[in-house]
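The chains carry the letters A, B, C and D, assigned in the order they are written, with residues numbered from 1 in each.
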């Protein structure tokens, strides 16, 4: 394949963009939960690729932004998201089915999942740690979670483990014995229907950086379920290694940034001008009013 | 909201496109499996909308196609898929989790699923019928499925049912009792992780007709798992009621149509010209050769 | 097609969701620019459909939100966007090619465009009004736009009109005369390549409400080009007629809402606590600092 | 970033997948039309990545397919498309606006286009060669194209060139002179609206291999416009260098493969069984009948 005269020098020749920090950990499993992991398999692009794409699209306007960091921060601040789509990452992830079900809602991604129709599922399932049990119950019960961390957490673990062991034993029975015996067993795709959603599955998952950041905004958030947040936290470290400037801008503008309605912002402006504003005069609904006050009281 | 002079007649005024056959069954549940259903909630467009969109895009070329049926068949034959995207349908579906996991792979759709994080899951789970057990094992074991339909099918059902009942009882225990008792139970999102993938979930699912046909091509196919095919079969009837001309063209060109490689088509041409072609002279791989012969021998 | 016993009553039967305000204007052209328009062809769903979908997904948590308006505002505030995807709208739009090129960047939509390959393009092109010329130059030149509104605007219009007339005359020549004469002309798809991007095209465009709001956030914004904003402004009125509660929430949270980085919000909190914060102590970049001050000084 | 004990060996460490054939031409422009080009900027994956993803998803079933080529051919034959999504490519393309408008219809891709709002457009436009003019007119006029290739082609070129030069001169006038003079000119975004759709634009375009093959199936087809086919032809060579096994399978199954309706296939089967089938007894529409006969008569 020769694009032009082979005798001619090729001043335009490019090398692929690489990120040494990410190359160093390619293929290595970052452990998550009791049996899960995330492995980075491949990637395309870097902070520099975002800058390059932005200068194409936004032209001389962005050229006045003198350095890469200021430009990337400008892009995120103004929702100029297409340059972030020019970076792509491919991961190998092992995760419980109930986490996979939340994860797959992010549709703009490519997925190849291990198939329980064709292959035998391993006897690996998620049992929450005492901390995880307490943490999630805490949210439910406003502070009474801690008392749970002792004896009851153990009981919960015993129950979940017994359930999983029993249903896996039944799975093997339905398959006609360990490894599957076709004469006496039923089809794999049917035998597995009694396994719990805490059993592990695996997939290859490929996504562009813009959509990955959107995933992280939702899944690294305090409202996400504890388990998927553990995956999101590892992914934050992956993003930091891969595109450190974008990572910092993402933290500042999106993950830790604040969105206010025009009414809520008006309340702040009145207060800055010295006026007293209470709930009645704020024009806000009760829930938004409470959320605004929580934001203002939060320690940075 | 007045688009123009209110005193002026509006000869352009449109009424919404309706399809009486589909209106007649709006909201009514079509049963699927032991506890599932599909309900049509709303829709947009009809066969006529496809024709209208095609005439805009393909212009006078398509105007020479005298009737709607010939035009719709032409569009499907030539993969002119965008006019089919002008129709949209919204469904309410109740389905086992393992079916939902196959279904959600179709990404170009809108989904709102019932949440096990916030709501209590009902004690409803799928137990395959004796026929389903035999059918799926049959595929696995080339004809020995029937012998299974008797005693062993019952054993399988008993095992699956016992597993589900036990894990649901544990779910209630983890919740702190029926209905959930916050003082003694753990969070809903955590309590449900031992429930099997045969438990039912529900969702609203909205998709355009082009992507629905693609779903049906894959999920009404003999290679799809028995359970999702039952849903696909109901959806075929929905499509037939909604867009009957498109439905027939879809059957003829896609579901029952045949795709051949250039080599396989060359084999047919040689044979039609009277030549003998065997595996060695065909230029096909073994597997494709077998598939071609299976197609030729299949009764229509 | 009978989903169940035809003799049985059907208490579940649904009627399609309709919105009288939108039905009243279906098919009528809302004029935009000198020759363009937007017509609503069909739609699916209403504010009530969003509420219904949200209650399915977010369960009893959202049931505590007593009324529809508070729930819809909550969804938009917390980026729970999937319920808005349950509404869909289909439009017929006539627009200049350069506007179409900006519009089509919004990929999550269905499009059937009038084809210049197969059909003859009408002699209709966009000539900006004196106001539009002044407005856009104004941005460029910080206030010196007004002086342009007089004589030069007329010159600009004359130049643009002459260009369009000349290239359309050439188009007809290349076609072999008015209407196209196949003996002497060249192919339509080739004859049209000299026509300017201000010539009008038409398309059917179908999109869900979530993606439409995203379109409007970008295209009804002050940074969007004047011409596409005229379309966005008409679409805002369409959204207001269709889903009035969502429309108001969209204005408050998105179009007129404010997004602040964690650093910018920290500046506001310090000031509210009585501290002086200047550029040096703010931790903000110069451009973000200026943007924050502009927000604070802006009249509501 | 250390995924595990830094003292421990990392047997899992991966190197990125590379394709020497593609690395050799990275960044070099492949010329297309009179001023256009395609440059490969970066890529992810190879034929081996597709095989790896397939074995994850389709499990032991696919492991029985002994070699990579047979597996990839099997995947394409059965529309198992997700493994092809695991490969990604990023291109820099320079192309006339009317080609860009056809290209952008392929929505599942990432795009950053050069902006005529912010940057000055170069004086580069497409003028079709005599061959292109003849080729396209040929289609229109069933064989009378050749006579056009002489004098009239030159006339066509002169007309198109004159049109472009005149509208570019007007563009410069509207800008206030070469390079733009803000005091006397109008905004760039407005000045450019008279430029023809044969002016060149540029973009970065990133797409996964599955969607690229779909693009090529439509745009390397005889029904695609001549100009976009020239780009598709270059892309075919890029795909061949990148994923040679997939390339060959794509040619055999998709680009040169044949899709037949169930009725058309039944006609072939009857003929193979020795029966005479004419139009009346075929059950096909006239147009499909003619298309079938054209396929059968076509030289391979």
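Assume contacts are C-beta pairs under 8 Å (C-beta built on N, C-alpha and C of every residue); 3 or more make two chains touch, one makes a residue touch a chain.
Small disclaimer: the values here were computed from a predicted structure and weren't measured.
Looking at chain B and chain C, the chains in contact with each of them are A, D. The chains touching chain A as well as chain B are C, D.
Taking shared numbers over all numbers used, the chain A to chain D interface scores over half, which places it in the same class. Remark: chain B and chain D have CA centroids separated by 30 Å (rounded to whole angstrom).
The mean-CA centres of chain C and chain D are about 29 angstrom from one another, to the nearest whole unit. Looking at chain B, one finds that residues 82, 105, 111, 117 touch two or more other chains.
The part of chain B that touches chain A in the complex is made up of residues 96-98, 100-101, 104-105, 107-108, 111, 116-117, 126, 128, 132-133, 136-137, 139-141, 144, 148, 152, 156, 159-160, 163-164, 166-167, 170, 173-174, 182-190, 192-198, 225-226. Within the complex formed with chain D, the residues of chain B that make contact are 65, 70, 73-74, 77-79, 82, 105, 217-218, 223, 251-253, 256-263, 265-266, 268-269, 271-272, 285, 287-288, 291, 295-296, 300. Across the complex, chain D meets chain A through its residues 1-4, 10, 12-18, 21, 23-31, 39, 41-45, 49, 52-54, 56-62, 82-83, 85-86, 88, 90, 110-115, 117-119, 202-204, 206, 208, 237-238, 240-241.
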